[in-house]
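Given below, in the form of structure tokens, are the structures.
The following pair of complexes shares a single chain, chain A, combined with chain B in the former and chain C in the latter.
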Partner chain A sequence: MLEVKNLTVRYGKKIAIKNATFNAHNKEIVGLIGADGAGKSSTLHAIAGVQRFEGEVVFNGYAYHSPAEAEPLKSQIALMPQGLGLVLYPDLSVKEHFEFFKRIRGVKDDPAYEERLLKMAGLYKFQDRLAKNLSGGMKQKLSLICTLLHRPKLLILDEPTTGVDPLSRRELWEILDETRHAQDIVILYSTAYMQEAQQMDKILLFDEGEIIAQGKAEELLKSAEPYTYEETSCDECFCFDKRCYSLKPLPVPHAKPTLEALFFINALKKGKKETRFQIKPKKVQTPPIIVEAKGLTKRFGDFVADDHIDLTLHAGEILGLLGANGAGKTTFIKMLLGLYPIDEGELWLLGKKIESYEDRIELKNYIGYMSQNFALYKDMTIKENMEYFGKLHELPSKTIAQKIEELSQGLGFAEYLDEFPTSLPMGINQRFSLATAILHEPVVLFLDEPTSGVDTIARAGFWKLLHELKRKWRISILITTHYMSEAEYCDRVVVLKEGKKIVDDTPQHLHELYPGLSFEEIFINFYKETK
Partner chain B sequence: MRLGAIRAYMLKEFIDLKRSKMIYLVYLLPIMILILFGYGIRLEVTHARTIVIDQDNSKLSIDLAHAFMHSKYFDTKILPITPDEALASMKRAKTDIIIIIPPSFEKNLLKGLKSEIGVFIDASFPLRGRVMQGYVQGVLLNKASEYLPPQKIPLILINQRLLFNQAMRDENAIVPGLIALALLVAPAILAALLIVKEKEYGTIFNFYASPLSKAEFLIAKLTPPFVLHSVNIFIAFFIATYIFDVPFRGSFALFWVASELYVAVAVGIGLLVSIITRTQIAATVLAMLITIIPSFLYSGMLMPISAMEGGSYIEAHLFPVMYYSYILYDTFLIGQGLQSSTIILYLSILALYGTGLILIGSKLLKKELS
Partner chain C sequence: MRAFWTILLKELTLFMRSVGLVVAVLFFFLVDVYIVGNDIEIEPKNVSVGYVDYSNGGVLSKKILSHLHAPEFKKPIPFQSHEALSKAIFDKKIVVGLIFDPDFQKRYDAGGATQLNVLLDSTAATQSLLTLNYLQNIVLGFSSPKFPIELKIHKLFNQNSDTKKFMPLAELLSIMTLFGVILSASVFVKEKEQGTWDIMLLTPVDSRIIIFAKTTSQVLILFFLTMLSTGIDLFGIFDLPLNGSFAAYALMTLVFLYSIAGIGLFVAAVSNTIMEVAQWSVFLMMPIIFLSGAWTPIYSMNIYLQYLAYLSPLRYYIEGVESILFRGTPVEDLWLYFAGMTVIGAFLFMVGYRKIGKLF
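Here is the complex of A and B:
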């Protein structure tokens, strides 16, 4: 039994998590759900005894208040920190990792248990493979079984599945489930994927350094029901994904909420309002096909990052490029942009065949690009950043000033213009990065993982913004994401798996093929087929 | 202390060093420092291209000209050309020194009259120019003292004897200093990298979240750089004595013990660097910065510590380099060994430095996120 009482973690003046209080019982999987920076990792680090904190943690009757006091418990605790394969040594093989973790934890050899772990993780055949040559999913499974070697009583997993393909994710869950049935263990599990909440015994919802709600999934959903309505037009409410959330009664029937509802309701209770985007309509002339890629291939040595990918982006379409980390999404976008040379295949952009550097230069002003983790200069204010990007596109100063005014009002970040990106929430940075990418009014947008790690409300807002842009400007958008559920908001989706295309279809058609299934579940079928 | 855990951690470090090819750096860096700088730094001038214009052609003048011939410092030609032609050759950078012996040079001297010898030196590189000036003056005065009648001698007294480095070889003066540089820089960088690498990748969590104690972690982390670089002590000795022909007059045991202590000091510096840095690049730059500059300045390679004054004198005593290089120069060139109380003192200071740095480092090392 784990009891966490008034746990607070500070970094200097900044409070990462404030007064977190919760319990976790034996054989329970407790989920910590929330965006980046909501306080999940800090909470987990404090409980694992690797981060100083205020308050008290009691595990099986032993109370500790600092990493030093937690020291005697460390033989019972296991921590798997955030990030793909972070606890692994790239140059060590699977078997050597096992030896290493066994020895530093002083665990006796138990060949039967070790074999079972390796088989559960599907790594039995790959024991001599170096960690750096494992796929993202395999790395996470290896990290997990390495933490299980010493049969911990408290297992702390920090976003073990972020960026991992859905099939590996499911296998990871199977390992966890098996483990908790076989031994006494408390599992803390943080995630950015709401869909994983269904499998958890208890959920803690994190937002802006606080736990805003906790309980079983059904209880939480039930508590959100009175505020969830079918889609309608309303003030003082949030609407997203065919539902509206409002504290005041709305004259429409109630709808079935998802866990995301709780974040919207919390925002409403805090008096926040949905940002209404205003985008001036614009007439744009474009060819009917914006991007036409035929057999695009990129190799890094022996490794094929993209293997003969065909893809077509039509005018006024939002095309989602989905896949796990390392599936080849970013490489593909970089080939389209000319940031990587194309090893094989043909590419047409805006009806023009791309053969040389000169071909691209002419098109640069028609293309907007937003790179992974928002490439912003953190020592310049938002305004200075935007001015800089505007000048790069050789816009006159007057136009830039006018555009900054218009976009900062329209996209709702006017009040932050003189602030530095590092001091702002990710959601604001995300919007202003988009504003920067559309400053020169491109006809096509390439967005690389713009929604990764961003909180629910900002993500919802961002998708609305993209649809608004598409409607007003008839802009075409190619967007990558590792959230399979975001397929819902695209006009068409392409799924990449280890450099190969495994799905290219419309969401409607996929729903017709697999009625009643979520995209998560739909795509697992495709992953299995191509295994 | 669980030896099994320490051994497993160390084994991992060795495998990692080997597969990540960092092991090459361990041996390449000190060898490169010794070889490149050993051949590269030259304070003396040899084979200065010299033209002697002998306008006198007397016994004395010929003898004087020959004094420049039999020296490795000069490549001398006695040419029957005019001073202008010689000067033109110097302008084309074909000649370094021109010596003009005027007519009636011998006659004047014998009569007791003042006589002037013209010496022109290319001083485009001031240090080189000054060194050549010294050589020429030395040769001339030496000759002069042989020939002047005895009653004139009191005016010029040359009785020089070079001690410890009789051959005045640059190698002897520089290579021991370079050993002090190499054995400080390389272990410090490696020790810092082994720890910071885990911080940068995130594998440091394996230590934070495990029952591994700080002492166990430090032993596992600091032993590999210490052991691997101990081999470099022998490599450095070999390079100094065989490749650069530096004499070795002291006790090898003293040299070895002092070097091991010094490597421990370097590892301690690496540990401190790893505590205040987060990325491998920052650790490398910082480790280099705080080891290379003091090594160059305070090893006595370019300037003897005793000749320093004020701030630099104090600074020299603050850095461990000075103590080690004192022992180095003694074992290589002098050989007084443990009979000198200074050597015993300096040896203990090195031991104190080593344990002190590692103790401070282990106090500052936190088993938690900072």
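Here is the complex of A and C:
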């Protein structure tokens, strides 16, 4: 049993979480949800005994008030921090990670369990691969199974499924579910996927450093019902994922809410409005076909990461690139960008055949890119980072200042402009990476999982912005995501499986083929069907 | 051109923000040159040390602590938290604080690359910097058994110039060489380490400008440090003469630093982490210094080594600088040194540039 009493975490003057109080019983999975920067990570770190706090935490009768006092419990606690592969060693292989974590944790061999974990993570076949050569989601899954290896009594997972594909997310849930039935364990689990939260025994809703609601999913959903409507056009409301949320009655039928509703309703109650993006229309001359790839192939040794992939991106089109972890999405994008040499196949960008470094250099001003780990310079403030990239793109200083102002307002990170990226929640970093990627008004955007780990409201705003960019600038976008509901916002989707293209179709048509199924179910169907 | 200045400025800013690095280079360029030049061993005395061991009482932290004993140190005092320790330093109860992270031992076991956090009382500058130097020697003894690094300060001697004035100069030259390679390689490798390399490649800036701007930023930093050390240590403390032209000295320094930066580019191309940069730099520094004739006069070397010695940029620099400072050789007679260094420098820079250019 875990009891948290009046837990408060401060960073200097800033209060990250104030007076958090909750209980968790053995065999319970407690979900932490809330906007970016709401205080989930700080709470989890304090409980894990790696962050100073005020208040009291009691675990199985043992009370602690500081990291030092938590020391005796450390062997029972496992924390998986947020961020892609933070606990991994780039030059150790998957198998070596297992051996290493077993050794330092003093875990006995249990080949059956180990195999199970490796298979769940889809890493069974890749045990000799070095961590640095794993895809983003594979890294995440490796950290996760290393954390699960020693069967802790208090398992603390900070957004463990960020960047993890839908199939593995289900697998993970099964493992956790099984673990808690087999042994006494308390699991704290923060997540940005509301379908996951829905399954948990108890949910804590965080907002601006406080827990504003807690309870079972059904109870929380009930509270949201009066404010949830079917999609319509309205003022003073938020719309996302086929539903609209409004405090005032709308002239359309109610819809069944998901937990995402809580975020929107809470925002409405605080008087927040949906951000309206002010994007000035721009006349651009672009060829009708922006990207044309024919039989693009990438090999790493004997392993074929991308196998003869054809793909066309038309002007003003939003193309979703989907696929399980390690399917070859990032590798494909990197080939398009020239970050990996192309082993086979032909490529035209903006109507120009790409054969050399020189062919690319002048195209760079027309391309925007946001990488999966969205790294920017961590010793420069957000503003300095943006100014730096603006200048390298030859924008006049005045335009840069104006754009920073505009984008930081529009994407909701204006208050963080003078902070360093490392001190900010992941979701904020993601927004400013996007802002940096569109600063120079590119014609085509390559976005590698821009919404992983970002809260619902920000994602809704993000998609609004993408559609706005498309409308006003006729921008073309190639985007990858593991939120299957976001596929609905794409004009067309391409699904990769183990380096091969298995689907290239519009979401509408796919829905016609599989009536009544959600996009996630359609995706999983396809994956299971194609061998 | 704007891109060039933007990148240059960014690198200078980032350098100034890495306080640890600034302290370290200032220490080596100013204090270390002074210590070696005086041929004195200054040991820290009775320094009070505090520590926080988050690493769960690992063996490694114990081992390191056991090296801190009398007369240099008082018995290290354990603290409960980072904050408590910081406060004790602030209150002047402790001069040096060590923090062993939770994964301190773990990372050492995993790959040998681990990090020890050191807090220093910067108002007690000499004491704490001496301790830092001392600690560095202890810690380096532990790091990576496969490739033991020794950053020990070399006692230089040169039968050529029995004058004591040569010592601080020779030390400054080796420090320039070492940091020249480290700094100019790090500006690139940091981008690899932090994952910003890809974004850097996607900026619409010619790779030549990126490489040149980044290198120049570090050359400027090193140039500034060298001039500082020359002014304060060489001319100020050790009273070295300046019989020739200062402008020639400055220009020669600049050319020398660019050729060292060329070696840095090569190191940057083959390293993925700062740790590797450090290993390569120490590894490469030895032959450069050895072949320069700073330790053994060139004429007493093996004949093959004598030929090889033509390749060390440091050789021309040492001889050139000696001529300017001590002999007061007029500028027009220095052309041989300039020519030698320019040719070698251009060669090294081209090799390094080619090597790193392949990554773009």
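A few notes on this one:
What we mean here is this: the second predicted complex is superposed on the first by the 302 of 531 C-alpha atoms of A that agree within 3 Å, B and C clash if a C-alpha of one lies under 4 Å from a C-alpha of the other, contacts with A are read in each partner's own complex, and residues count from 1 in each chain.
Criterion: a contact is a pair of C-beta atoms (placed from the backbone, for glycine too) under 8 Å apart; a residue touches a chain by one contact, two chains touch by 3 or more.
Just so we're clear, the structure is a prediction, and the values are computed from it rather than from any experiment.
Applying the stated contact rule after C-alpha superposition, one finds that A:Glu394 touches chain C and leaves chain B untouched. Of the two partner chains, chain C is the only one that A:Leu339 touches; chain B does not reach it. Within the superposed three-chain model, A:Ile104 lies in touch with chain B and with chain C [touch as defined at top]. Of the two partner chains placed around the shared chain by superposition, chain C is the only one that A:Ile361 touches, whereas chain B remains out of contact. By the document's definition of touching, of the two partners only chain B reaches A:His45; chain C does not. Of the two partner chains, chain B is the only one that A:Ile77 touches; chain C does not reach it. Look at A:Pro67: by the touch rule set out above, it reaches both chain B and chain C. In the overlay built on the shared chain, the residue A:Asp91 is in contact with chain B and with chain C. Of the two partner chains placed by the overlay, only chain C lies in contact with A:Ala375; chain B stays clear of it. Chain A residues in contact with chain B (one complex) as well as with chain C (other complex) are 50, 52, 67, 71, 74, 89, 91-92, 100, 103-104.
If you check the complex, the residues on chain B that touch chain A are 2, 4-5, 7-9, 11-12, 15-16, 19-20, 201-203, 205-206, 208-212, 367-369. Residues 45, 48-52, 67, 71, 74-75, 77-79, 81, 83, 86-92, 96, 99-106, 130 of chain A touch chain B in their complex. The touching residues of chain C, when paired with chain A in their complex, are 2-3, 6-7, 10, 13-14, 17-18, 54, 56, 80-81, 83, 102, 106-107, 109-111, 194-196, 198-199, 201-207, 360.
Interface residues of chain A, counted against chain C in their complex, comprise 50, 52, 66-68, 71, 74, 89, 91-92, 100, 103-104, 334, 337-339, 357, 361-362, 364-365, 367, 369, 371, 373, 375-380, 384, 388-389, 391-394.
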